[in-house]
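Below: one structure, written as structure tokens.
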Amino acid sequence: MATAQRTEQLIRRMLDLNARKRVQEVDETLVIACIEACVECALTCTACADDSLAEPEVLPLIRSITLCLDCAVICEATRQIVTRQTERDVGLLRAQVGACAVACRICGAECERHAAHHEHHRICAEACRRCEAACDRLAEALLT
Amino acid sequence: MATAQRTEQLIRRMLDLNARKRVQEVDETLVIACIEACVECALTCTACADDSLAEPEVLPLIRSITLCLDCAVICEATRQIVTRQTERDVGLLRAQVGACAVACRICGAECERHAAHHEHHRICAEACRRCEAACDRLAEALLT
Amino acid sequence: MATAQRTEQLIRRMLDLNARKRVQEVDETLVIACIEACVECALTCTACADDSLAEPEVLPLIRSITLCLDCAVICEATRQIVTRQTERDVGLLRAQVGACAVACRICGAECERHAAHHEHHRICAEACRRCEAACDRLAEALLT
Amino acid sequence: MATAQRTEQLIRRMLDLNARKRVQEVDETLVIACIEACVECALTCTACADDSLAEPEVLPLIRSITLCLDCAVICEATRQIVTRQTERDVGLLRAQVGACAVACRICGAECERHAAHHEHHRICAEACRRCEAACDRLAEALLT
């Protein structure tokens, strides 16, 4: 079972063990925060879409369902790409992290609209905003 | 940043908010533990394959690389399927959770072979074993 | 734009160019048919779930939506695993191909139930059945 | 087994059956070409990375392996997102299609460097270029 900050420590450890480690180029903390936020956002978006499908009134939630499905798959792709450090390409990384920030912003705004009615939308909107911020910070650091 | 048992609590919260909640059929704790273990195993397998690609001697690691890539994609697929509760199909769930246990066993055994030489293989083998156990427990509970 | 049997030829060519080619162990044609069927089934399941979300009466389609989402992610995972030949593990491959056959059978049966009302369900059910058969044939060949 | 232009026809049929069809906004042909190119590029990138792992001299191919793994996951994510039309968000779609074009350009350039030595790199570079062009054309159409 997860203990305190286990995920963060696990990611840091696995990144540090890379023999060609390159993440010193950007602040490694930003890389780890981005991976962690993508994992969390993929989890909440998958669950939020599923929770919406279980609501008695589905029609007003269709947009949040499709945005959550899109956001989940983008977060998972971004998670993989940010994790891979060996021969990392900064241009590709920046493009995908940037797209992820856009997806999180759009999905988070839609979930926020339903936050007053469904707690799962509120939690999901929060995870989207956190992931958007983590992606924005990493994308910015990659520009310099 | 992740606080204590954050991931577990987040997953439980999102599952509990499903209006057609069905996981009482099996012990919900087994469902949550399986999701969490799949997330962790996908993370370590992606990173372990990447760490292996960075090693000066890659040839003896090819098998661990391909098994880690396979195991990561199976864990991510399983994570999504175990998360979705609405109109859950027990037969489909059991089949995928069972395949995930097999993948984790095979990948974990290969990573274990390199554990003495590479710490990333040791950590990955451990995550695979934990995920195999979580999948086995859930698959068993789904049989009854 | 795709020309006749382009996908099949492309897959065969890429598999044949593997320097450690192992697929002679099973009939290579079964491997290629399985990859192709997984691609097609993932495409139709993604589109069928989306088409269902666009229908005016969504509630009776919730089960087909979640099964299509599950089946799509399993087919995509299976597609990747069947494609990777280098240091292929037959046990892992058989487990995932077997799980994919189960998912296709269950999803196909549900889509079939709606086939009379929605053409997208009819097409999707057909792709599921074709993928189930391709997975079954490959799984059987892997047993010998 | 695939017959002439089967994939293209199948995609078009499934998109046309969406009850809230929106793709008339952009030329539907561009949407279909993008989906088809993403499928093909994901297939060749997965196989090319695997073929590289089977080569006797892996070290000079590490960069092409990681770029192919990244490009495959981005193409698969993009394939899903372009397929979903219901309540499509043009901003999200454009961001992901744009990131996919960048990934295909970078991965294609690296595979091209090895094209003279390995036929699988030549085929993969070609699929990347085709997918880059299809994504660029769709992204451009989405701007207007």
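Each chain gets a letter, A, B, C and D, in the order it is written, and its residues are counted from 1.
To be clear about the criterion, a contact is a pair of C-beta atoms (placed from the backbone, for glycine too) under 8 Å apart; a residue touches a chain by one contact, two chains touch by 3 or more.
Please read these numbers as outputs of a predicted model, since none were measured by experiment.
Peer 1: Which one of the chains is farthest from chain D, going by Cα centres?
Peer 2: With centres defined by C-alpha atoms, farthest from chain D sits B.
Peer 1: If you tally the C-beta contacts, which comes out ahead, A-B or A-C?
Peer 2: A-B
Peer 1: At what distance in angstrom does the C-alpha mean of chain B lie from that of chain A?
Peer 2: Distance between chain centres: 19 Å.
Peer 1: Once you find the CA centre of chain A and the CA centre of chain C, what distance in Å lies between them?
Peer 2: Each chain reduced to its C-alpha mean, chain A and chain C end up 28 Å apart.
Peer 1: Tell me, which residues of chain B touch at least two other chains?
Peer 2: 50, 53-54, 62, 66, 69, 76, 80, 84, 86-87
Peer 1: Residues of chain D touching chain B in their complex?
Peer 2: My answer: residues 50, 53-54, 58-59, 62, 65-66, 69.
Peer 1: Could you list, by residue number, the parts of chain C that touch chain B in their complex?
Peer 2: Residues 62-63, 66-67, 69-71, 73-74, 76-77, 80-81, 84, 86-89, 91-92, 95-96, 98-99, 102-103, 106-107 of chain C touch chain B in their complex.
Peer 1: Can you check the complex and tell me which residues of chain C touch chain D?
Peer 2: Counting only chain C, the residues touching chain D are 1-8, 10-11, 13-15, 17-21, 33, 35-36, 39-40, 43-44, 46-48, 50-51, 53-56, 72, 76, 79-80, 83-87, 118-120, 123, 127.
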